[in-house]
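Across the two complexes that follow, chain A remains constant while its partner is chain B and subsequently chain C.
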Partner chain A sequence: MSFMRLKNVDISYKLENTSVRAVRSFSCDIERGDIVGIVGESGSGKSTLALGIMRLLPPNASLSAETMLFDGRNILSFNQDELRKIRWKEISVVFQKAMNALSPVHKIFTQMYDVIIAHSPDTSKGKAYKMLTELFSKVNLPSKVLNMYPHELSGGMMQRVMITMSLIHNPKMIIFDEVTTALDVITQGQLLDEINRLVREFGLTAIIITHDIGVVNEVCNKVAVMYAGELLEFGKVKDVIFSPMHPYTKALVKSHPDLRIGNELIKGIPGSLPDLTDPPGGCIFYPRCDVRLDLCKSVKPEVSVLGDRIVKCHRIQR
Partner chain B sequence: MTQILEVKKLKKYYPIKKIGRRSYVKAVDNISFSVRRGKILGILGESGCGKSTLGRVITRLEMENGGDIFFLGNNISGINYRKIKDFRQKMQVIFQNPYDSFDPRRAIIKSLEIPMKLLNIGQNRRNRIEIIMDAMERAKLTPAYDYLERYPHELSGGQLQRISMLRSMLLKPNFLVADECVSMLDVSVRAEVLNMLLQFRSELETSILFITHDISVAKYMCDRIMVIYAGKVMEIADAKELISNPMHPYTKALISYSPIISPQREKDRFTITGEVVTPIDPPAGCRFASRCPFAKEICYTEDPEMTEISPGHFAACHLID
Partner chain C sequence: MSGFVRFITRRVISIIPMVLLIVLINFFIIHLAPGNPAQIISGLEQPSQEVIKALEHRYGLDKPLVVQLGIYFKNALKGDLGYSYIYSEPVITLIKERIGATLLLTLTSAVLAFISGTLLAAWSSRYKKGILDSILSILSYVLYAMPSFWLALILILIFSSNLRWFPTAGMFNVRLSLHGFSRFGDILYHLFLPVLTLTLIQIPVYFRVTRSSIFQVSRDEYILTMTAAGLERKKIFNKYVLKNAILPSVTIFGLTLGYAITGSALVEIVFAWPGMGRLMLDAVFKRDYNLLLGIYFVLAVCICIAILLTDVFYAILDPRIRYK
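Let's look at the complex of A and B:
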């Protein structure tokens, strides 16, 4: 049994007259101990999916799915009370903008203590302080940070505070939503190294949402490639990134300049995202695909399962 | 003349008020370099290192506190850009966010035409529109008429950034400063913008100062790369040489920490600790000393000189002999 099983997850946002179908029939299985990267460009629905898993979607969004299993339980049927019990304790999430996730008028310790007593109400402040100091040392933060305010910290430090916060209750799974996006290269690298270490040390399962294939290659073992709300390819990082099968994945890899290889010409993907208020009937990538068939325009490709790999393309089935 | 721009010992200090005494953020501190005709120089650094300040001072958007800038042989230090009209044609800038660099109430055609009109390019409106249409077709922004009547908010970031590039290039500048011009774009559109810039460079022989934080992009775009840290130049070399044979510990760390897409992951990272420092009244010595794993006593007391390691490859580090 997979640790997390998502089947046909659909998420749409209601607007005044229309609705945007941000995620459409997303299915994938995540095993215990996996570090899954969800990679996609802006508007691909990757963050919406993360919010959907945490059930933190805004009120104008609607979520439906065939199955949403987490550690053997169907979280789709959970009510708010049950959800509150698993958030922070079993699944936690770290967002991109740590600045916005922390209260600017409370010291870090006060905010962390709030999270601690949410699930273990009888923890004393002294005990909490000790525990946080210990956790801080694991992410290379000095304990004096506990007595500081968010504005006194740098972006990297704030992100480390958020990661520590997500670890407080020893969750089984952490979702990292673009955690390193706004950071400098070196800070990003340091943080990725730390995430890598923590996931192993705490025996976590992690989802890393990013737009950067490089980041996926650094930390993940599996990757899901999303485009305009659909999963186009899923599998082991070494398969998907180094021998991509879907034309979109191929194009995405080709548009990244790389340090280690010679000065190969990088190629963009002409065109732009389709209108998600009325997604096209055929393959979602059809308008921008350079190996499209006539069939692709009208018929939606089925998911082909090749071992532990999923590809959604007509070219694969033939 | 091959030297388009020559910068000598440029300084830009921002005062900050503190009780009792005046402090300075030394954003650009004694930076010297030159750019040859048709070459792209990359300015590589992390946030707060002074790379954008450097671009702003060179384009005269800010005034320096010392040093000289020679542009096409003339010393332009001390001159405000408003005073030199033809200078604006010869040196152009592209910023990170194209939505901020277009007037939201002006159709694209108007935003493109006004600078041409002000600088007397093209005889009349019809002629100018022809020039614009032609340039749009060549930049593969087709069909051109489809873009011209639109407003900035109707276009995607990638399209608008390419139009902003086009707007600069219609003036046939000798020099272009591109300040993080692709950092807010998705990878799939980023490539098109970068390739368009390279195409302009080869067509017009424009020299480019390419400011970026992304070493992979710098490697793809630039002929030479200058690495700066806390307002000082750490290393400067030809792009290939810098990536394959970095000498300065900071450059080594930058390369080692940047994510790569290659099956051979480098097992041993060149690790450094700490975070970027802001050069507020920096003490003597190397700015990188506090984070450098090899720092010796001399690194905290004496400023390292730029030394030539091999032809064209300079680095400022005490540990290189």
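Let's look at the complex of A and C:
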């Protein structure tokens, strides 16, 4: 049994008089210890999916799925109280905008302590302080940060604080939602190294949401390529990134500069995301695909499973 | 903390030129207004030129404005705000007799309005778009638009004339000479209706601002973090939403505190409250220049202090604001 099994997850946002189908029939299996990267451009539904897994979607969003299993339990049927109990204790998240991820008018320690006593109410302040100092040292943060306010920290420090916070209750799984996006390259590199180390040290299963293939390459063992709310390709990093099968993955890999090759032209993907209030009937990538067939316009491609690899393209099926 | 002390010292010092500037502007504005105090002092409908001349000379009103201003400043620096033409008493004495009553009224109602407006907003926002929330929202519009003196009259009509629960006017019962605790109780008894009026008038601002601020803060990232971390909703609301949502109300509190001291004049008149409101209106109508300037001077100082206190309070609540 997989550690996390998602089958046909659909998420849509209700707007004034339309609805945006942000994630459509997303299916994938995540094994214990996997570090899965979810890549895709902005608006491809990556963060929505993460919020959906945590059941943290805003009130105007609706979530449906055939299966949503986490560690053998169906989280789809959980009520608010059951959800509250697994949040942070079993799954935690590190959000994208670290600078705004903590209350600006409370000290870091106050907020961390509240997170601690939310699940272990008997923890004393002294014990919490010791435990947090220890966790902080793992991400190279001095303990004096505990007595500071969020605005006194840099983006990198705040992101480290958030990573520490996600580790507080020793969860089984952590979702990292674009954690390095707002940071400079040096800090990005350091942070990725730290994440890499922590995930292994704590024996975590992780989902790393990013639009940077470099990040996936560095940290993940599996990767899911998302486009306009659909999963187009899923598999081991060494397969998907180094021999992509889906035309979108190929284009995505090509649009990433390679340090080893000197003067190769970086190719972008012409066109833009389709309108998700009314997604096209055939292949979602049809309008921007350079190897499209007539069939692709009207018929949705089936999911082809090739060993531990999933591809959604008509060209693969034939 | 020494930076904080330095900040306060500097702000207190900066009040001095600010108040002087206000006095200067007031001085000229008051003298620009049509009407002549000499005519009112004479008590005659059509006083002769000689009478006017004599009175103007006696009160120094025939000197050039700049000279008058110089004299005013010279005396003011010695703590002498001059004599009232009408009451023939030192302005300072007149103000001293009344400022306590006004501050009691305005400060009590400002604090009550702040607390109840904020609490109502917190309570109502839990039932967003529900019946209670809608009723409170409509009610707050009605109260916001209501003239204070009219509300005061209606409250007198209901609670004093019909129900006979509260007195119609005054600050204490002049027929009884009460002392100690019973005098305190008597003042509270008289205070109730005027404070209720001023509080009701001021609640809508706090209610509306806090309510929208709560909705905004509830969508902030850190609230999502706290929810994701499995904190209970009640705790998130009471600790994290409220403290962040209260910040704009604090700013408004400072602003209205300054306004409340002058804005309560009409209510004071309706309830015959022995405060500065009546004194000020009389001084305006009778062109009592010295008294008017004196009142404005005291008000300017009060407003400056109110704003300073707000800044200090804000700094305590919001760590992002640090004064150097």
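The rule is short, and it goes like this: the second predicted complex is superposed on the first by the 318 of 318 C-alpha atoms of A that agree within 3 Å, B and C clash if a C-alpha of one lies under 4 Å from a C-alpha of the other, contacts with A are read in each partner's own complex, and residues count from 1 in each chain.
Rule of thumb we're sticking to: contacts are C-beta pairs under 8 Å (C-beta built on N, C-alpha and C of every residue); 3 or more make two chains touch, one makes a residue touch a chain.
On a predicted model such as this, the values are computed, not experimentally measured, just so you know.
Undergrad: Overlaying the two complexes on chain A, which is it for chain B and chain C: clash or fit?
TA: fit
Undergrad: Would you sort A:N217 into first (chain B), second (chain C), both or neither based on which partner it touches?
TA: In the superposed model, A:N217 contacts chain B only, not chain C.
Undergrad: For A:R197, decide between first (touching chain B), second (touching chain C), both and neither.
TA: In the superposed model, A:R197 contacts neither chain B nor chain C.
Undergrad: Contact-wise, after the overlay, does A:P257 reach chain B, chain C, both or neither (first, second, both, neither)?
TA: first
Undergrad: So, does A:K144 touch the first partner chain B, the second partner chain C, both, or neither?
TA: Neither partner.
Undergrad: Give one of first, second, both or neither to describe whether A:R84 is in contact with chain B, with chain C, with both, or with none.
TA: The answer is second: A:R84 touches chain C but not chain B.
Undergrad: Applying the document's definition of touching, compare chain B and chain C: which contacts more of chain A?
TA: In the superposed model, B touches more residues of chain A.
Undergrad: Please work out whether A:G189 is in contact with chain B alone, chain C alone, both, or neither, and reply first, second, both or neither.
TA: Once the two structures are laid over each other on A, A:G189 reaches chain B alone.
Undergrad: Given the touch rule stated above, what does A:V115 touch, chain B (first), chain C (second), both, or neither?
TA: second
Undergrad: Have a look at where A:A101 lands relative to chain B and chain C in the superposition and call it first, second, both or neither.
TA: second
Undergrad: When the two structures are overlaid on chain A, which partner does A:E41 contact: first (chain B), second (chain C), both, or neither?
TA: In the superposition, A:E41 contacts chain B only.
Undergrad: Measuring by CA atoms in the overlay, how small does the chain B-chain C distance get, in Å?
TA: 7 Å.
Undergrad: For chain A, give the residues common to its interface with chain B and its interface with chain C.
TA: Looking at chain A, the two contact sets are disjoint.
Undergrad: Under the stated contact criterion, what part of chain C meets chain A in this complex?
TA: Counting only chain C, the residues touching chain A are 220-222, 224-232, 235, 239-240, 243-244, 247, 317-320.
Undergrad: Could you please specify the touching residues of chain B with respect to chain A in the complex?
TA: 46-47, 156, 158-159, 186-195, 213-217, 219-220, 240, 243, 253-265, 269, 271-273, 275-276
Undergrad: Which part of chain A faces chain C closely enough to touch in the complex?
TA: Result: residues 54, 56, 84-89, 92-93, 95, 97, 100-107, 111, 114-115, 118-119, 149, 151, 162, 165 of chain A touch chain C.
Undergrad: Under the stated contact criterion, what part of chain A meets chain B in this complex?
TA: Chain A reaches chain B through residues 41-42, 140, 154, 156-157, 184-190, 192-193, 211-215, 217-218, 238, 241-242, 251-253, 255-261, 263, 265-270, 272.
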